[in-house]
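In the two complexes that follow, chain A is the common piece, with chain B as its partner first and chain C second.
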Partner chain A sequence: MSVVKLSNVDIAITRGGIKIVEKISFEIQSGQILGLVGESGSGKTTVSMALLGHTRKGAVIESGSITIDGHEIVGADDKMLRSLRGGTIAYVPQDPGTALNPGLRIGRQILESLEKHQPDVDHEVHMARVREVLTEVALPSDTDFLRRYPHQLSGGQQQRVAIAIAFACRPKVIVCDEPTTGLDVTTQSKVLATIRALCREHGVAALYVSHDLAVVSELADDVAVMYAGRIVESGNRDEIFFNSIHPYTRRLIRALPDIAGRNQILGISGYAPMPWDRPSGCAFAPRCADAQSICSQSVPELTKISASHNVNCHRHKDSTKIVATARIERESISASAQPLLGINNLDGFYGSRQVLFDTNIHIQPGECVALVGESGSGKTTLSRCIGGLHDDYKGEISYFGNTLGKHALERKKEERRDIQYIFQSPYASINPRRPIGSTITRQLELFFGMKGSAADARVKELLDLVSLPHAIITSFPDQLSGGERQRVAIARALAAEPKLLVCDEITSALDVSVQASVIETLKNLQSSTSVAMLFVTHNLALTRSIANRVAVMRKGTIVEYGGLDEVFNSPKAEYTNRLLQHTPTLK
Partner chain B sequence: MEKKMKPKSQFRTLVALTFKQGYARLGGAIVLGILFLAIFGPFFAPYTFDEFVDVPNAPRSDTLMLGADYFGRDVYSRFLSGGRSIIGLSFISTVLGVGLGLLIGLFAASAKKRTDGLIMRANDILLAFPQIVFVLLVVSGFGTSVFLIAVTVGFTHAPRTARIIRAAAAEVMERDFIKAAIAVGEKRQRIIISELLPNVTSPLLVEFGLRMTYSIGLVAAVSFLGLGLQPPAADWGLMINENRGSLTVQPWGVLAPIAAIALFTIGVNFITDSFAKAAIGIDRKGKE
Partner chain C sequence: MMSKIRDFFNQGGLLLFALGRILAGIPIIIALTVLVFMATQALPGDAAVSYLANTATPERLAAIREQLNLDDPLWVQYFSWASDALRLDFGMTLTGETSVSAILGERIQNTLILMASSGIIAIPLSIVIGTYAAVRRGKIFDNVSSLVTLVLASLPEFVVAIFVVFLLATNIFQIFPAISFVEPGTLAWADPMSLVLPSLTLILAVTPYVSRIMRGSMIEVMESEYIQMARLKGLSERTVILRHALPNAIAPTIQVIALQLAWLAGGVVVVEAVFAYPGIGTVMIDSVKARDLPIVQAITLMIAALYVVLNILADIGTILSTPRLRTKHARKNDTSDVFAAMDGDQ
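This part shows the complex of A and B:
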């Protein structure tokens, strides 16, 4: 029986009538998990909130029908919606850090929805259920734990409390909006296992919204792929991941970092359009390599491939599979007597707290070393030390054998030029009040005294290098997408003609397809300019696509350091093994 | 986030957004009106400001639109001539005060922790003086020169502006693009002018509008207390003081300048508020 059924749901912005999502139809059976996949701006969150009868301010469900356990949601009054929410359909938010009330104890917060939905039941019965549901999500259920406040829990525990709240009233449906985004891989895999087990055991239908295909492939029974407000392809897990037809789905899968290292990741040029500038015809056509004239003229109709498999593409019959590109070949770079950068016995501190312990890394010219670690492992602190932004450390960082000053201002101009730092968030690292051209030109002026037409010509070269159009020279950062901004940040770093790029989680704020194309750009740079890189990331799979060597960091200590194949095929540290196991993959 | 048309600077968008709001337009109209009155008013005055035209406190008549003041001078002519000094003085003191406060604020925010603390604590001591008391102290000590009033009023604004600007700039200092500038070795001066300053323009303009209204109040108060412009000069603040004795007989000598000062203040506030609103909207959009 379908517990959730959506048919032809349109949600539009009230003013102007622009549609955010169109013709959304799907069903979820009890005990099944539907993964709703899409990149930012695809409308996946809008759809998930619609299941709860909620729309963002200024948007409205225009037409279509949503039934939850037989109740029609569209047009239902507030009283009806309130009785369904929390009881029949529950929501697991993206960020438990902000979703849990910091002023209420854990026990109280779980109790709330029980008391609301079952007012006639005794307090003791409720408390028993609170303890039971905490056990179900693998948390302690003693009184001491119930009396804790959210800030006394770790991120993973907080998320499990949020899940416990959702499951407390034994709902028929739960909606999870990227509930593992902020979590480390090991924690993530535990949370996912919890959700899966609860859905199976209690026959709960789940909508799992995510941008992460790998996570969805591990969890979902069925998958729906959204692009620009429409479901472009839906089917069961195997159909989507191994027999996908829509070019977007296929490219999305190819953009996924592959931990097994079989294939090089491939980006999709451009980015997903916002609701107000979606093209006519198939919305994916401008980014599609297989697009024909019909694609930009009319919107493709839904076509049934099999009982469960539907696709929304004009060329579903004659589209050939994308040929798997060459295997990743990576020659190892032999250690020379004089490494480009040497980190020797580095101890890093924040005041009296030590965050880095006896760190040693050596980077050869032209080599890419990946530094992998979970949040709080000290990897950003280490990269900031190298960039001259964190000077509270003991030990030595040497550049071609010469000890570097601790702070950027204590270093020679050439050293500042040769080591360039790229920040995690492109939204914060570019001055919002300055045109892009001026941001890059300043770097040229600072390091090479270049001005006027010579500088303009060089800026254009640099933009070509990172595949950005010249037109953006006069644009301001807020007119660019995240991926474009990160390319600007890379271009700014390259303007200094560096010998070493320190890339601190530079793709973590970007969509998968954009991440893949930024990685492609970096790889091309590596081969054309032979710049060395320290690539800092929490995503072990991503290092496969770019690194020569990998250093794995845990709690401020490097636990594993070796060549790519060595680390992936025969990891020495138990921790690396655990990371490898818990990283979600398409299998 | 509309269609990508010609790239516009964020600042111009901000101004455009400000004046899209009804209140900003209303405020703009009021401010322009009063400014026009203050600047060109003397040319339309039927009499000179110090001419005796009737008996003291003569009521309104065909020749005297607003009657005569306590000395028998034309209130309407004095009203038209009395705006220049107060608005001019307020403007000069605001520019001086906000300018000085901006310098202190930016310097403190970009300085080392200890220097920052030292500057701001000294600033706090200055903040402890009520503005009007400080102005009266200086003016009664050194005499009533117009220039001195402007400088003193401006000086009392500086620590208040410095607080606001430092807070805004300290937040900007934490952002990555400042760290990027530090990492490539940009000089501090350069960081302040081309990285920090453009990112505090919104609070700066809001602060300017706010301080402008305070200046008007202060300058009017100083004139009212008889320490500002001296008779027989025409000045709105002074007029209120001179004519308050005859308020019941001939209220226009008090009401006209009060209305003008109040309107101007409200007008400036409308613009400032709308600007602040537009700035919040823009900043939120930028963070998405």
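This part shows the complex of A and C:
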């Protein structure tokens, strides 16, 4: 019997009645995990919270039915919802950093669910359960630990506390909303293993929400793919990952960085529409290569392909198979006597705290070196040293053999022009109160004294380079999507005609499909302008799609440095091996 | 709350922090003595001239100069005044009949009684109003209380005082005395009726500010993710508000409460004047009129010192009510074992 059953659920914004999600139907059996994937804004969180009868302020479950363990949720009264929430169905939030109460000890936060849902049980029995559930999520359970506050735990520990809270009352269903976003791969893989084991052992049905297909492929039994508020395809894991039919699912799988290095990643141009400007007909039509006139006229009906496999696409019979294009081998660029950038024996500090230890990296002209490491490993500090934004270091950074000034202001104008830094958040470099065109022309004027029609023409060229429409010139940053903004930041950097681009986690805030497009843009640039790059990322798989050479950093030390194939096929450092193992992939 | 206080003193680091804050207050108080002293030096002529004004005769001038050591160099004057002041000895009044301390002693107690009786009511009241308005955001209670507090906040306190007198002492009801007559030699609580109207005025002056801040802070907390999480655990709305929201909302309000209390000390001057309440406010006004410098200096210094003390208390209170800050100042080994645990996590 299905513990969770949704049929035709519509959730709408109260004012105006705009639908956030429409006709959502799925079932989950006990002990099974359903992965719900989709781009940002597709409505995943909205659906997952609806399972607990909760909607965000200003939204309402308009119609349909949600049953949890036989209880109807839609229209249920508060008393009924309160007895189900936390007891029968529990929620693991996206960001435990903000979802745990900063003012309460974690022991208390676990205990209170038990007290609420099992009021007749003795305190000692509850405490025993608190300790037991902490052990189940592989955390210490001593009194000292119970008395900690959330801020005294690491991100991974906080997330496991959130999971412990969810599992405390032995629920029948748990809903996990991207519970591993922001965690390091090794921590992520532990958290995933914990969730998997708990669901299997206790027969818990789980809805696992994620934008990361690779994670879902490792965890889920069944998968539902959402696009613009609808489920466009659903099926068991193999049907979705290896026999998908919907063009969106197919493209999404191709956008996934492939750590095995077989395939080239492929972006989907454009971006997912907001609820208020979703096109009529098939919402994917504007981005779909298979779209025909019928697609923009009517919403495709659900078609059953097999007992478990459903798809909503007018062309389910003949949608284009997207064959994986083999990854283009990049010939490694041999080391020369005079590298473009040399980082020699660099020790980086924050006051008395040393964060970088004896770092050596050399970048040849036209080469892309990826710098990989978990959060806090010192990647950003190193890239900021290169960009002249952090000057608390010993050692040398040389540019074509000449030592660079530590601070950007101590560097020559040409040096500043030749080395351009792109931030993780494009807001840091794009003035929000300036139209895009003027953001770029300022750069042209600053470095080349270029003005007027010459500058305008150059802006258009630059926009072409990063595949942005010219119409964007008069737009303001807040009118653009994250991917577009990031491309503006790239165009702005390119305006300086740099020899080296330092890209600091520039795709980490983007959806996979957009990330893939940005990577494509960078790759095209590399072949057309032979600009060198330092590509900083926490995503090892991603480096395979762009880098010639990889440096792996751990706690401020480079533990592995070599050509792409060398690092991936015969890693020397144990740490690299661990990263490779824990990076989720489609298998 | 009790356990928090216990923790606080168990953790030596916190006690050290508190001591540090108090020690840091000392130079501020000393700086204040300099300021107060300098401010009175800036008056035209010297203290003796300004006190005696038209009645000045060479002998009387000399007598007063003698009493205040006005013929000594400035820094000697300052040191003898300041070192006495720090021992709470403010010398004799210029009338020469009593010591400043004797006049102020009783008055200060009366003023503190007035401030305490208003604070004890105003602070919990504002927290309740602010919280309830936040929980009922957009409903009738919220709208009405927003309007009322806005109006009250914009009225000067003497207007409030006059209104209170009009309503409760003279024209409409005649329940409470319009003038707080306190038998000299007794304290204000000997006659609680005399406290009612001045306290009420101060409560009406303070509550609007604090409750508005409390409301804002509470609204912010109620919209946080951990409140949503608490609801998704199935907790009752009561538990969500009282256990999860309120403590987190009060912490940022403490600084405002302290400021308001300090402000009470200033506002008290006006209110005491209206009700002829025998506190330091009325003495202050009388001695400014009489240009009796030692009293003015003493009162100014004490009000300033009260600000400093309240600020220190607010800092400590904020830390006590914010676990993140509290643990930061706790014993060192506590945090180091957190990092050990974090390493084990990887």
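Just so it is clear, the second predicted complex is superposed on the first by the 584 of 587 C-alpha atoms of A that agree within 3 Å, B and C clash if a C-alpha of one lies under 4 Å from a C-alpha of the other, contacts with A are read in each partner's own complex, and residues count from 1 in each chain.
In the analysis below, a contact is a pair of C-beta atoms (placed from the backbone, for glycine too) under 8 Å apart; a residue touches a chain by one contact, two chains touch by 3 or more.
Quantities reported herein were computed from a predicted structural model and do not represent experimental measurements.
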Overlay on chain A: chain C relative to chain B, clash or fit: fit
Which superposed partner A:Q479 touches (first chain B, second chain C, both, neither): first
Chain B versus chain C as contact partner of A:R148, first or second or both or neither: second
Which of chain B and chain C A:N101 touches, first, second, both or neither: second
First, second, both or neither for A:L389, with chain B first and chain C second: first
Chain B versus chain C as contact partner of A:T187, first or second or both or neither: second
Smallest separation of CA atoms, chain C relative to chain B, angstrom: 10
Chain B residues touching chain A - in the complex, by the definition given at the top: 1-4, 7, 9-11, 175-177, 179-180, 182-186, 194-195, 198-199, 201, 285-287
Residues on chain C engaged by chain A in the complex (per definition of touch): 224-226, 228-236, 239, 243-244, 247-248, 251, 321-324, 327, 335, 337-338, 341-342, 345-346
Interfacial residue positions of chain A with respect to chain C in the complex: 49, 52, 54, 81-87, 90-91, 93, 95, 98-104, 112-113, 116-117, 140, 144-145, 148-149, 151-154, 156-157, 165, 184, 186-187
Touch list for chain A against partner chain B, complex: 274, 276-277, 387-389, 408-409, 411, 413, 416-417, 420-421, 423-425, 427-435, 442-443, 446-447, 474-479, 492, 496
